[in-house]
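As structure tokens, here come the structures.
Here chain A shows up in two complexes: once beside chain B, once beside chain C.
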Partner chain A sequence: MLKSDRILAYALILPVVAAVLAFVVGPTYNVATLSLTQVVMGMERGFGTLSNFEALAADPVFGLVLKNTAIWILGGTFLCVTVGLGVGTFLAIDSRMTGWLRALILLPWVLPDVVTAMAWKWMLHGQVGIIGQTLQSWGFSEGAISFMGDPNLVMWTLVVVLIWRKMPLVALILCAAIRSVPDDQIEAARMDGANAFERFRFVTLPNIAFSLTAVTVISMIWITAEFALPWIMTGGGPANASQIMATYIYQQSFEFFNWGVASAMSVINLVMLASIVALYLYINRRSWSSEGSK
Partner chain B sequence: MSNSINRRSFLKTTSAMGAASLLPAGQALAASGEISVWKFGGTPQEVEVWAQRNDAFSAANGDVSLNYSYFNGQIRRQKILAGFQTNRLADVVIAFGQDIPEFAGFGMIQPLDDIAGDRMAGWKDRIVPEVFESGMHDGKLYALPTYVDMASFLAINLDALEEAGFDRPPETWEEVREYAKAMTKPDRPGIAFPATTAPVDINIFEGIAYANGGRIFDEESGKVTLNDPGVVDALQFYVNLIEDGSTPAATSLTETFFRDTAQLFGQGRSAMWIGLSWLNTPWGVNEGIRWTGVPMPRPTAPSGSFEPVNAIMDGTAMLMVSSRSSNPEAAIEYLDFWSQNEQLEIWGGQPEIARIPAGKAAWDNAELKEAWPNWVNAYDAGTLFEGGAPMPRFIGVSAIESALGTAIQQAVLGQKTPQAALDEATAAAQGQIDLIRG
Partner chain C sequence: MGSVALKNIRKSYGAVEVLHGIDLDIQDGEFTVLVGPSGCGKSTLLRSIAGLETISNGDIAIDGTVINSLVPKDRDIAMVFQNYALYPHMSVAKNMGFSLRLAKEPQDRIDSKVRAAAEILDLTALLDRYPRQLSGGQRQRVAMGRAIVRDPKVFLFDEPLSNLDAKLRVQMRSEIKELHQRLKTTTIYVTHDQIEAMTMADRIVVMRGGHVEQIGTPLELYDNPASVFVAGFIGSPAMNFLPARNSDGSLQVGKGENLGPSPVSLRNGREVIVGFRPEDIRLSDGGLPAKVALIEPTGAETQLTLRTTEGNGVIMTTRERIAHSVGDAVHVAVTPGKLHCFDTETELSLTGSVQ
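Take a look at the complex of A and B:
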């Protein structure tokens, strides 16, 4: 490569590198240092302390937050991708109905977060919610059901709303991937006597493995970053039953002005997410290599 | 396009500069330039009228350019904090009285005593002393109040009251339980109270607990006192109402915040509800529903360790000046404008009747007397603010109120007894307070 080419190449990537440094590395470094700093009444008092992490370990709510976050991220991602795969497979079938559905399914994406949260909040309300009243009138429940007020229901109810909101794009991405699977491979499997499930498992799935991995990782990141939906619908309640990392970090930093602890939680959140994604990618890459060596 | 300066504009500019240099030195102190104002929260009517009166300010102060923004009250802390951290905080912030100690402690707002000069005398003259006090912190005025809200009050459906055979509102906690039971129908609970973690819902409970001699924090000792008998028994009162079968399902109480509770009452879906002093006035009630509001009845024998109060109060439109304001003269001019009777009259019934007015003159208003005769009579008799206290306000108040909110929900849902829930909340909140205060 000529020297001038090298300079040009560096010049071209410089804006991206600068943006990443300014908007990703910089804030991450700032949060990491703040997590190791004692902050008292908004003033930084002493760097190099683990007091924020110790405070988290002693916080009785934090254990519940971790459990709820696991349901939110892992449960949400698993269900979002599983349901998305099912819906995507259905949408991949060529028919007039699926043609319309491919457009209609994006409606939950069009609505703003606040509108979605408020609409679901009222539909699920114990006294006036249409969903509880319908279930009651059909005989599934004797009394009104407060989906958002019942600590046993609230977390999974939030996950259902989350799936309604996030699943359509997952379904469309997987639908596109499924439609790109070569017909001759499926036809060959059919001629070899493979049934529908076997064709899906041994032909379609390996072909869409890359899309499936990408969409799983993206969903996990989306769901981790999702704040408006749980905050507006429950505010972390009742009795912290729906308190997750995103809402608790917000509460610690902007309601309690406890920035050190909030930063410590952000660091833990980042490490957990990075570990899960790394593990997932590692397993998938191994699986791809073994598929390739067969 | 040419950027060159023509002769006429050159002459205009130089003559204007020359004239300005010849002005007496005193003119430089007159308010001019730009100020930014952030207002947080308020009833729909208040928000509308505030913007209209801002136009009057601009008309009266042609040299001041007003840059006004309105935001939802729920986001005020993060908005103000972010503005402060990034040096973009507005010159004037209109927030809640409960925020004052933290904002002052973090150096976000400045004492008005230092910058208001002789305006202070006029403010004191026009504003009810007890309400004026609500803007004070550590002996200095940090915020100019325009009204206050009081906790706690009880809204009563008059038809339901009469149907149940009562001719007057309840006067004690025992009577509230008795009335609520009698007013309960299969499709309409006798009483509802909001029990989410929204700050107003917690303030409503605090009003009941403080009337029972409870406190959430002892400033002198620095100890969280959520498990004081006054607070525990107030929470037991909530639990008793649920166990009596007089309320909506407990799970519904924990998902329905104050505004929704008011709207359900307005639709005839509950016979009474416990709220702040404005009760249903901001949103009204359905046609055909007759209702009244009374101070929340108190226990016959308060059990708390502190002095029982008649009510707790706080303003939610208190004008504060940022410590980083680049134009404090114009900011004070804006505050002074809002201290005038023409503005304070807004809460005297023209048009807003949901709040307790700060202006002395507003209390002479006939519309206020018609809407809230009991308030006006008590004010005239000098008893309206008797035994009143500010809503909890100190550095770390949000952390304690959050722990209290969780404890209320745990007790309401039957997960823990009030004592156990508040013991746990006390320990958790003390940890947070120690961390924040260092």
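Take a look at the complex of A and C:
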């Protein structure tokens, strides 16, 4: 390669490298160092300490945050994928109705996060929310239901709204995967004596396994990164009952200015996300290599 | 045991009828081939027998029992699909044993049945492999193994060889035929390839546009085609057809060149379509004048494309070496008794011996 070519090549990738350095590597490095720096009242007071992590370990709220985050991510992902699989299976049926529904189901996706959060917040309002009132008038509940005021209910209420918002795309992806299962395999299974459930279990599911794992990991990442929905709907309340990692980091840094502790949590969050992504890449690569010659 | 009787089978998709009343009786142990051009309804008919399609009218009976309303698995039928339809996530053994597993048979019985079928098909060494690790021919054999383990009354084959290359196709053709001779299971086989039909069938059902055109043994169809369509479809290269006229009991083409005596008695001056096979004509001193348009030697045989003075193409095959070259004027004569006569309007055979 000529020397001028090499210079040109470096010049061409420079913008991307610069952008990645400025917006990804730099902030990550910053957060990592900050997590090892003691910060008092927004002022840095000495680098090279694990006191932020120790503070987190001693923080009783952090335990609650971890538990809530587990409900949020694991419960959210599990429900998102199982409900999505059910809806996707239904949408995969050929009919005029499912054709329309396939288009309509994406509606929750076109709304901005903030609009979704505000709309649901009002619909779920303890006194004037339409959902609580309807349930009450149908006789499901004696008094008003405080969906977001009840510490035992609030996390699952958030998960339901999350599913409403995230499930449609999961359903569509799985619907597409199910529709691409070769017809003759399904027919062969019918000839082999498989009933509808057995055809789904032994033919459809193995055929869409790749899409299913991919969509599971992707939803996990989406849900981990989701911030606006819980923050606008509950702000982490009541009494931290719906505080999750994303909202707690935000609160600690931008409301309490505990930059160090917030950074420590960000690092923990990053490690969690990275391990999910690593799992995804591992599964991805494994299934590609096992495809082999087809 | 497995005789199949079809009575007045009709099938419509909305307003479009694709099967117009098919009647067919298949004896126990018979190898029947449904053949016809694409879109003739042969696959639809096969899928109706399998139960993968519901029929709009008529009765399908196996061993005298009408099975119209039974789901596929209760019909005691096994089917081999064109694309093999193997389950990609199951090993060969699992693929073959899947139906038995669904039927809740004990594992040791499944194993022994799978092993027995694998031995018949020479698949024993491949039982632990996955479909993606197999060649096309091996996959095809696994698909057959999946049918064999069930020991059904009837085997259905839906164009099973069309995804294989030419050499493998010939090999699998004889394997399927041998398998049938060994198992003696009633077999219905769909193909669009008339050579497959000719070589494998006990009886051929030629279909066209949702109708049965002719039913018969391969040689019956070859020697006594019931219509221009069957005559042209069975045999390769196809039968030659020329417009002809009856003149005092002999058939004349063009400007009065005599082809030979008519095989049937016709009104004098009647216009007909005359047909003769490429191997039933030879070069001679007199007869139909033509020009050599193309010479294609294949080694054992030479195929000549001739053009008559009216411009009609005539194909001739001969085992003799040809001394002529393209452009030569020649005369051809039809072997006596090898002329076929068809009605110009209906295109049906006028030869009485045909059903």
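Assorted remarks:
By our rule, the second predicted complex is superposed on the first by the 244 of 294 C-alpha atoms of A that agree within 3 Å, B and C clash if a C-alpha of one lies under 4 Å from a C-alpha of the other, contacts with A are read in each partner's own complex, and residues count from 1 in each chain.
Just so it is clear, contacts are C-beta pairs under 8 Å (C-beta built on N, C-alpha and C of every residue); 3 or more make two chains touch, one makes a residue touch a chain.
None of the values given here were measured: they were computed from a predicted structure.
Of the two partner chains, chain B is the only one touched by A:144; chain C is not.
Applying the stated contact rule after C-alpha superposition, one finds that A:93 touches neither chain B nor chain C. After overlaying the two complexes on the shared chain, residue contacts for A:50 are found with neither chain B nor chain C. By the document's definition of touching, of the two partners only chain B reaches A:125; chain C does not.
Put chain B and chain C next to each other and count what each touches on chain A; the higher total goes to B.
In the superposed pair of complexes, A:59 makes contact with chain B only, with no contact to chain C. In the superposed pair of complexes, A:187 makes contact with chain C only, with no contact to chain B.
Legend: residue contacts after superposition of the two complexes on their common chain; A:22 is shown touching neither chain B nor chain C.
When the two complexes are superposed on chain A, none of the residues of chain A touches both chain B and chain C. Those residues of chain A lying in contact with chain C across their complex are 182, 184-185, 187-194, 198, 202-203, 206-207, 209, 291-294.
On the side of chain C, the complex with chain A involves touching residues 50-52, 71-73, 77-79, 81-83, 85-90, 98-99, 102-103, 132-133, 146, 150.
Looking at the complex, you find that chain A touches chain B at residues 38, 40-42, 45, 51, 55, 58-61, 125-128, 143-144, 146, 148-151, 234-240, 250-251, 253-258, 260-261. Note for the complex: chain B touches chain A at residues 77-78, 81, 102, 105-107, 196-198, 248-256, 260, 264, 269, 395-396, 398-399, 402, 405-406, 409-410, 413, 415, 424, 428, 431-432, 435-438.
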